[in-house]
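Naming follows writing order (A, B and C), and every chain is counted from residue 1.
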Amino acid sequence: MSKEKVLIANRGEIAIRIMQACNHLGIDFVCVYTRNDEKSLHVSLARQKGEKNVLRISSYTDPNEIFSVADYTGCTAIHPGYGFFSENFRFARRAELRTAPLIFIGPRWEVIRDLGSKINTKHIAKSLNIPVIPGSDSPIYSEEEAEQIAIELFCLQKQAGIEIPSILIKASAGGGGMGIEEVNNLDTFRRAYRRIQNYARRQFGDEGVLIEQCVSDYHHLEVQILCSQHHEIVHFGTRNCTIQSAGRQKRVEIAPGFDPDIFEYTFDAREVLNKIVNYSIKLAKHVNYDSVGTWEWIITRDGNPYLMEVNTRIQVENEISARISRIKGHNPYPNLIKEQIRVAFGDRLGYTQDDITFEGTSIELRIVAEDTQRNFRPWVGKITRFEMPDFPFSRVYTHVPGDKSYKIPAEFDPNLALAIIWGKDTEEAKSHSKKFLENVNIEGEDGIFVNNPYLYKKIDEVLRF
Amino acid sequence: MDMQQDIEVNLEELLMKYRENPFEEIPVLTPHTGLINFKVKKGDDVKGVEGQWNHIPGTLLFIIDREKNTKKITSPTKGKISAIKTNLEGSFIEAGEQVMIIKKLLEKKEVIERVLTTVLHPFNAKDDARYYMIPELTNKMESGKNVAINNGDEAIIMSLMKRDTIIKYEGVSGVIYSVYFGQGELVEKGKPLLGICPMEKLSLIEKIIERINLEWDNALVCHRA
Amino acid sequence: MDGKFIQDSHKTLADLLWRLNYISDVKGEKNWGGIDEIHKDIQQIQNYFFDIPDEKLIESILVLEHRVKLVEDRVYETLKPLDFVRITRSPQRFTTIDILENVYDSYTELGGEADCNVDPAIVAARATISRKIKGKTYRHQVMVIGHEKGSGEEYRNGGSAKPWGNEKALRFMKVAEREGIPVHSFIFTPGAFPIEDYPGAAQQIARNIFEMCKLSVPIVSFISEGGSGGAEAIGVSDIRLMASYGYYSVISPEGAAAIEGKIREGQKVPHELVEMCANSLNITADKNLKLGTIDRIVEEPRLGARKENFEFYKRLRFEMISATDEIILRTKNLKLFRSYILEMNEKREKGLPDDFDIQINWDLSDWESRKLLNLRSKKYRDIGSKFFTEKKGGLINAFKIFKDRATEGYYGIKYGLIRPNQRNIQRVIDDVAEEGSVILKTVAGKALTSIEKPVPHKESKAEEKSVFLSDWEGYFSPLVNEDGAVTCPNAQKYGCVDQWIPDLYGEFSGVCPTCGHHFPLEYHWYIKNLFDKGSIHEFNGNLSSINTLGFPGIDDKLNKAFKDTGLRSSMITFDATVEGIKVIVVMSVSDFRNGTVGACEGEKFVRACDRANVSRRPLLAYIHTTGGIRIHEGTVGVAQMPKCTMAVREYIDNGGLYIVVYDNNSFAGPVASFLGCSPYQFAIRSSKIGFAGPRVIRETTGQDIPPHYHGAKNALKRGHIQGIWDRRQFRKNLYDALITMGGPNLYYK
């Protein structure tokens, strides 16, 4: 494996985690950074490896920069991390098809393309009898057709006893919360429809629109899947990511997805978790999935699961799933980034689902510089003190240097650190989390807004419906 | 009246300073990674963009080749190449690398601009962020007239972490005399965005401009001699 | 020395000086043939006029006169085509105002004076012209339209009409039509003033030609300096006269030389190249007469008529009257017409007559007006019909013959005594369709008066080479195979990221995903993506461009184009369907000689119009690119402007829906005629539309133009086009346009 060299096309803590994974695997790597990120820890850590392993680029989002550096430094593979190019099938396709091909550490580009479109995912899922949120499963271009679907969805909800039915109109080419509008009244439907249609045409050059039922009272669950290129599929259980900021950004995640030993649910939680795991595997098999991936699910209050989307990349919160997993004959718990790199180079998994057992509960806390009182407004300033406690039950990932002051770059989200906490059961994980947060010390020039008090408060809400 | 005298004394000093060193050094950075091929050498005179519509590009400084795509980088300004890293010729360079310096003679317009910063009321950036002028103001500015602004008027859009916030102008009422940033430019916290001239000072400013207009060319002649 | 003698001698000397000036004008050199010395001698005599004895003076003047004449003889002997260009531009040459003063009896200039005269380079005047019959004078009312070059302080742009000047011309031609009086137009233009300001140089010329095609009064035009499109703007006529020392050309010889020699802007064009072009472009009157682009030559005195040549005005009056008479008589009685022609020719041979034998009333009845228009139509449709080739022979070609005969049959109906009834045509089409190929076989070879059957499906298997057959299936833009990146031209403005070429030309259809800039795509892309699969059937693919004027080097260039592109001309005409709607498509492609239009392209366009007319289908002109009229075809190329406009006008008048879509670059003649006349013009994003390119504008007007001057966005702002279409939505927009503007039957009447 030592012939390989990975270009890490990302920044911050994920870049550091990929570096560590590469080090473990004995693979050489190259890091990139932009002028604003000069002070980031990922740059100085990479420098320790060697000056030539760090190159400055103009932007993390310009693929030409990544490929240009990859060629210059003689890389054989690119790890996209999360965000940026991680779910960009064109980037993966270019890596594969260019005259100097590079391994894209992620699924095949065809899979990224097919599962990258929510509507296509929905379409495939429906064909496999996997439940999806009621609504259209192909882009709608005609107003009459759209209205017909809207009326049906309203009736459906009325029949289900929902007092105020509600539907969502989405730009089918969109994603990430843009180009979505909620409609509670059929009379206003056409106007909203046209607004979204215009938006979609302007933004994506395609005026196709999706219409689906708006589900408001639900938990957000995830299934962590890992596949090799040799048709091997395993899962690493479920996660619950319901606690989110105003902008639908995850703040506290916990694995496993429900804990029926402690909380009471109106439905059979074990069965629901089994169901979503099985459905996820079914879909992964169908598309011949070949990397790590996350299947996102919505579980309604009455225990109905709906597949929302598939994230064809490593996720921020991947480690809590790994933290509660044990693979027979391997110590200690697995590293999914390492596994992702391994399978990308064509390795076999070396274990099956039967070898995987689960132990305890793990919580991830995302420490972010934001004003939780004012709509989670990001704070950009200079951090003068940054101390994270070191407990046997915790692990911290951060790109903020602890030994010098650090200016948060204005270009990116002000994520400061991730803390992975483990406990032998949910209660212990919760109390460990609190203990961790009590020992966090962050100070900024002229005061600071950071979300640890908010996280502390939210710990009591996890897994509770 | 006192204030005016103050400024006049000040102006004298400032002009003196610029007269002594009427040059500015402009570093030229690479826009992105790639192989570099220089097209100028040390001591060359270069031209900036020209033409009625700024449609004639400046002197070709270097070519940068990335992903089989060659990009021509032209001079942003008129001046002389005072330093150039010719040792980089043909090699792979990182983004934002300073590859040459253009020494440029300050133009009258620029001297005026600089002197005025000491007189105008600055409206500063609140945060490190990208800034945009609100479209109505841009339109008014383009029409070429003096644009008045009052305390509390919506003036600027601050784009921070993909969130846009409208910033209201705070400070003395007056005319927007100078804009110190380009649309969508990253401005550091505390750096000026706008230069505002209070109505009652307009005549003073015109006086300053008149004075520099009269004196600057002479100053340059002296310098050249 | 008596007063009379002094005066006469002075005048003679002054006249000699004028003649010397004229020689330098004609030869374009200051001291041609050593005239400076003669000049000096004349001035010498002028200076010492009263010191020289009479006899000596007379003698000296005689000698000088002789010397001037000798030089003039040599000028005459060495006259080259380029000299004709200079003759027409000499300030001593007669112009429209001189004609109004001397050929017509009285006139009133129309359109205001000074500031209100929107463009002094165009003169419009209501005038009377008179003929004498047995000593008695008869007057005719006419509308005179002409270019005025002006000079000195009264300089009128050398006769370059601005767009609004041509609009004025059209306005008063319509007045003439309303009043039922003939139009006499006098062309003294080096070309139109190439600016895009509303109404736009090209668009207004197109409107003029479109209207003049069916202006229901006789039009006689006279060319002294006929500069391409600028000439056509007022030049469509029933009889076109040309001064024997005039020139009529598709482009100035200098312009042609700059293009031929690929001369960069600001560099000097080699003189030999200019001479070569002037010789090859067939710009003189006799050459044009041979090409059929003019009808008759008006003889001028040796070395050309100057302002003082009153004899010439008399001849011009005779020619204008007799031309108008001819047009009138043709519509009335053939016998009368023939005898009149004979008589006039006799008179011309004998020398200029003072008297006419008969008075001819210039009024036309409705029926005669219609005949006038039909004759005009035929005249223009026939222009340039010798200048392309059409392959014949074999079974399939028998079918071609049928097709041609059918088209002729259509013409027969068109120009015959009976106006065809739409319903009858429809019935004939139905008949043919029902009986299918049986009819086709039986009728082939016979003289036909039938109608061509639309969409002969089997025809596509013909051995005639079609560009579609080989590469229809699995078409890929050849551009996608290149591994590399390109920078969007708007990158600086919108921050567009460099695109990977396979992504850009494959998935993104050549459109920048950030700013929407359209990178050019080859025409095959449109064929593949615009029309229903398998619906395309080319017709007239066997028509081939030729080297019309025998221009040096063009044979090789044409052969190379044939080989490289697999095309025989720059225009592809075919039947196709768009979402099931049948359309006739004319596609002008850049690959073949930069999409220029010559006789072959013109004929293909005309036939496509007629096919659309007969089959009652919408006509789409998709202009992938047109670089204008093919300069190597000279005025035969220019004549394609009225020819094509005539055909498309008749199609529109019959209720046809004509849509033009511009892409990439569309300039000059075609835009200024059969494209610009469409009521529905659209442009693909990032395309450029205009009359003349930036370089020509700079060189002719001395003004620089702002960036994007010809851009689609500006064309929309000026009202030249009705909308800008995204390439990716071309098909949908086209379908919508056909439905919304085509009405229920996609045909109005």
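Miscellaneous remarks
Rule of thumb we're sticking to: a contact is a pair of C-beta atoms (placed from the backbone, for glycine too) under 8 Å apart; a residue touches a chain by one contact, two chains touch by 3 or more.
Remember, predicted model here, so these are calculated numbers, not experimental data.
Interchain contacts join each chain to each other chain, per the touch definition above. A count of contacting C-beta pairs for B-C and for A-B identifies A-B as the more extensively joined pair.
Our note on geometry: chain A versus chain C, Cα centroid distance of 66 Å, whole angstroms. The mean-CA centres of chain B and chain C are about 52 angstrom from one another, to the nearest whole unit.
Our note on geometry: chain A versus chain B, Cα centroid distance of 42 Å, whole angstroms.
Counting only residues that touch two or more partner chains, chain A has 62, 64.
Multi-chain contact residues of chain C, defined as those touching 2 or more other chains: 483, 485, 498, 500. Residue positions 66-67, 69 of chain B each touch two or more of the other chains. Contact residues of chain B toward chain A in the complex are 31-34, 66-67, 69, 92, 94-97, 127-130, 160-161, 163, 186. Within the complex formed with chain C, the chain B residues making contact are 51-53, 55, 66-69, 71, 184.
Touching chain A in their complex are the following residues of chain C: 483, 485, 497-498, 500, 502-503, 507, 511, 513, 516, 726, 728.
Against chain B, the residues of chain C that register as touching in their complex are 482-487, 495, 498, 500, 704, 706-707. Residues 61-64, 90, 93-94, 97-99, 205 of chain A touch chain C in their complex.
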